[in-house]
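What follows is a set of notes on a single structure, which appears directly below.
Each chain carries a letter (A, B, C and D) given by its place in the written order, and its residues are counted from 1.
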């Protein structure tokens, strides 16, 4: 009984202060400000700085929402690698399955924030030059042999030195 | 009778009520929003801007057997409310012998029945008229008639009015018993109201009924009745948003929708104003008394907002016992008043 | 649903929908009423039919499974999980334990958000806007957790054949954050349960209505919490190997009324939190994905699992090139419809939408049986008896 | 006239119609309305379930063949001025049900985007869009409403 009474008094107090002073408000004010100033826009989808233009995302997209377009000025990322195409994303077609994100090599191989994310790519900057020149470490012997089998004779010679 | 005063009061008291009432839904909504821990709409939006907006919408012929009558119901409601507030006005005291609680109760009764007429005249799209081929499919049971939910609303409104408005009438009755008169002004005067020398300081010397035991009990009964007649949660049984039955007001569009909104607002204010006249002894009149009157008249809507934020819609399973309880309370109030 | 002796008693019919505030989703409800008492109800649910099974026909299985998630925005994870599970079982693909844990976490989070959504919807129908909003507020952190975990609030796309997508992997930091979020969620749920189930007005509104007896529940194929609230202790999770490591209680109520269905779900939320906590604490440290498999011909394979609303079933076969043949998906609501109809009978008209809501109708997954009769050039929906005979409960 | 525009900007009623999507968008819209965290009403937008009252019709889901007549009828019941917002990938183009089939052809049970049935004024992609996207699109179409005749 006493417990109930305390509970009621507390509830009444809470609600009166909610009514009079708007305490405990849950509405997100930053979001309100953003919306009122029209700042909620579609997030940037492709982070062109970290994309290497490999086309994996366009390949895997089940609804062809990504097309690779040729760049006017190809970018030389490393000595050997020139980025010639970049992905263009069509939000109207996308079904947000994140296949592209999950298969982007920046994410899949290097574990860095993916260069593509149909929701929030954020401003993750990746130093591509460094990234691409980083040696890929293969820990597993069996896996190493598999990779070796795929390579041609010349490349094998180069890698002969072992892991 | 003082003719200039009479004319002025007849014009301006309803006008003031009208203006003030556009704030009422917004205040109620804001309070609910605060309880719900959110910002909620601006205070003027639901009562004022929404009404104005509807005025500017395209006029549509409602789907109704008698569109003209259907459209004019809100207007009738508004006029009724004007009369009610005039009857509680000191300048009108004694006009045609109308300024008694009996006349008041009669007008309120008419207002209630408007809902019934409304429901019978409306046929909205969410129900029978929805283009959906389901007559071919079928339950084993084939019913004879297909009814839309307004028609059921009507039945329910009827029931609700018969059982649910007892508390309201008892609440009206208690002051009469205490004051020993059914004249509205004599009830106010009994509580110490004098139109000629009303001052804010003088208010302290009045003995409002609500501070007495029978008055308090009667006020509670009146509040319950207030919720019922407004169809406000928890008694919004005939037009809740999410119930099986949506109310008979669904076909109102554009101007007549604005009219319906106004009718609701003004009902909220006027019924509360009647309460202030009867239980605080301060009638609406064109002098200083108007200020405390309006402030006090916000009490019932505010309480209603709080009550409806914390209760589910009740069905007849709860309405019957509750309204019985409130009626019993009202009766107790009357008995205490007689003693 | 009617017995023959009730046949003449329907005085009139109240059709609702397919768009109506009480229903939220596009389905048609016809209530057959006798003096404000519902004597029969019929729910027709073909307006959301999108022919998903048909779309999947002939798709490569990895691609096809994506759309299982789009069957529904509430049960999204379990559809994908059950689909991949079925393929994994059919092809004998090994899945790392870590992936199992994360899939279970996904499913339990989904159950929590689904149950909270149910509560929000039920309170909305009760006319109790404040509590409805409180439920949505409780649900918000769950959605945030899911967003945090997967990058989408509704279609998380966690499972993939062989494990989970690396995106949804839970590293140490995520794990710590998740555990913290769980604690506050649990407290919020407990407080709310305490408050709501003690409110006498609410309880008076939901007790003793919408009664579904134990026999009827079994007979008409109620599943999940609806079945458990009618006193049947049945939960597919007890038979799903992924859950065998976790310790949880099955919430069973005997009442069979709306109150029981609400209470059952409220307490299931707390059990789910328990499971998630165990799964997080015992998360094995390994690769979450096995890529060492080949997709080829697969015979007819099936998989059962427990979604938020009860048993879900998927089956299909694959041809030589790994393309889908005959995908069948049976969702819990599909089976529970008849039970919803039955539980309305005998109650007051006013309560009907609440009762239907208390069975948690969510019918986007459910529409499939529109028969097109080409000879007569008309389209019709199978009657309830036929549907019932198709959805009759498989006794296990 | 000033009053007209001001009133239209200051009070907006929004109605939701679900035309057979997966529930995802529907729930996110309801979330935007009912969750105090998002609170649609603070932007002067009220939820209604009555076409006669509505100004903005928010449609989610690919329009299935069964529901198209109802959608049309509801649209017709709204008095001018009215706007339609197609919310989610399904409502804009038919979403996964129309796209994913690719070479196999899309589902023949759906009509596709909302524009194939009623005129659309605003489109919001996403599967589903986040509630803040929904709030933003609603807030951004309100001025259009004021401009109408």
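By our rule, a residue touches a chain if its C-beta (ideal position, glycine included) is under 8 Å from a C-beta of that chain, and two chains touch if they have at least 3 such contacts.
Just so it is clear, the structure is predicted and the values come from calculations on it, not from any experiment.
J.: Per the definition at the top, count C-beta pairs in contact and tell me whether A-C or A-D has more.
T.: The greater number of contacts lies at A-D.
J.: Averaging over Cα atoms per chain, report the distance between chain A and chain C in Å.
T.: 30
J.: State, to the nearest whole Å, the distance from the C-alpha centre of chain A to the C-alpha centre of chain D.
T.: So the centre of chain A lies 29 Å away from the centre of chain D.
J.: How many angstrom between the C-alpha centroids of chain D and chain C?
T.: 26
J.: Find the geometric centre of each of chain A and chain B from their Cα atoms only, then give the gap between the two centres in Å, rounded to an integer.
T.: About 57 Å separates the centre of chain A from that of chain B.
J.: Going through chain A residue by residue, note those that touch at least 2 other chains and give them in order.
T.: Only 25-27, 32, 62, 95-97, 119 qualify.
J.: Of all the residues in chain C, which ones touch at least 2 other chains?
T.: Within chain C, residues 18-21, 47, 63, 66, 70, 124, 133, 137, 155 contact more than one other chain.
J.: Out of chain D, which residues touch more than one other chain, so two or more?
T.: 36-37, 39, 42, 49, 66, 70, 74, 95-96, 100, 127, 130
J.: What topology does the chain touch graph have (line, ring, star, complete, other)?
T.: Complete.
J.: Would you mind writing out the residues of chain B in touch with chain D in their complex?
T.: Checking each residue of chain B against chain D gives 29, 33, 36-42, 44-46, 49-50, 52-53, 55-60, 62, 124-126, 129-132, 241, 246, 250-254, 257.
J.: Quick check: in the complex, which residue numbers of chain D touch chain B?
T.: Residue list for chain D touching chain B: 3-4, 6-8, 10-13, 36, 39, 41-42, 44, 46, 49-53, 55, 66, 69-70, 73-74, 77, 79-81.
J.: Using the touch definition up top, name the residues of chain B that touch chain A in the complex.
T.: Counting only chain B, the residues touching chain A are 31, 34-35, 37-39, 306.
J.: Given the complex with chain C, which residues does chain A contribute to the contact?
T.: By the definition above, chain A touches chain C via 26, 62, 95-99, 101-102, 107-108, 117, 119-120.
J.: Hey, which residues of chain A end up touching chain B in the complex?
T.: Going through chain A, the ones touching chain B are 15, 18-19, 22, 24-27, 32.
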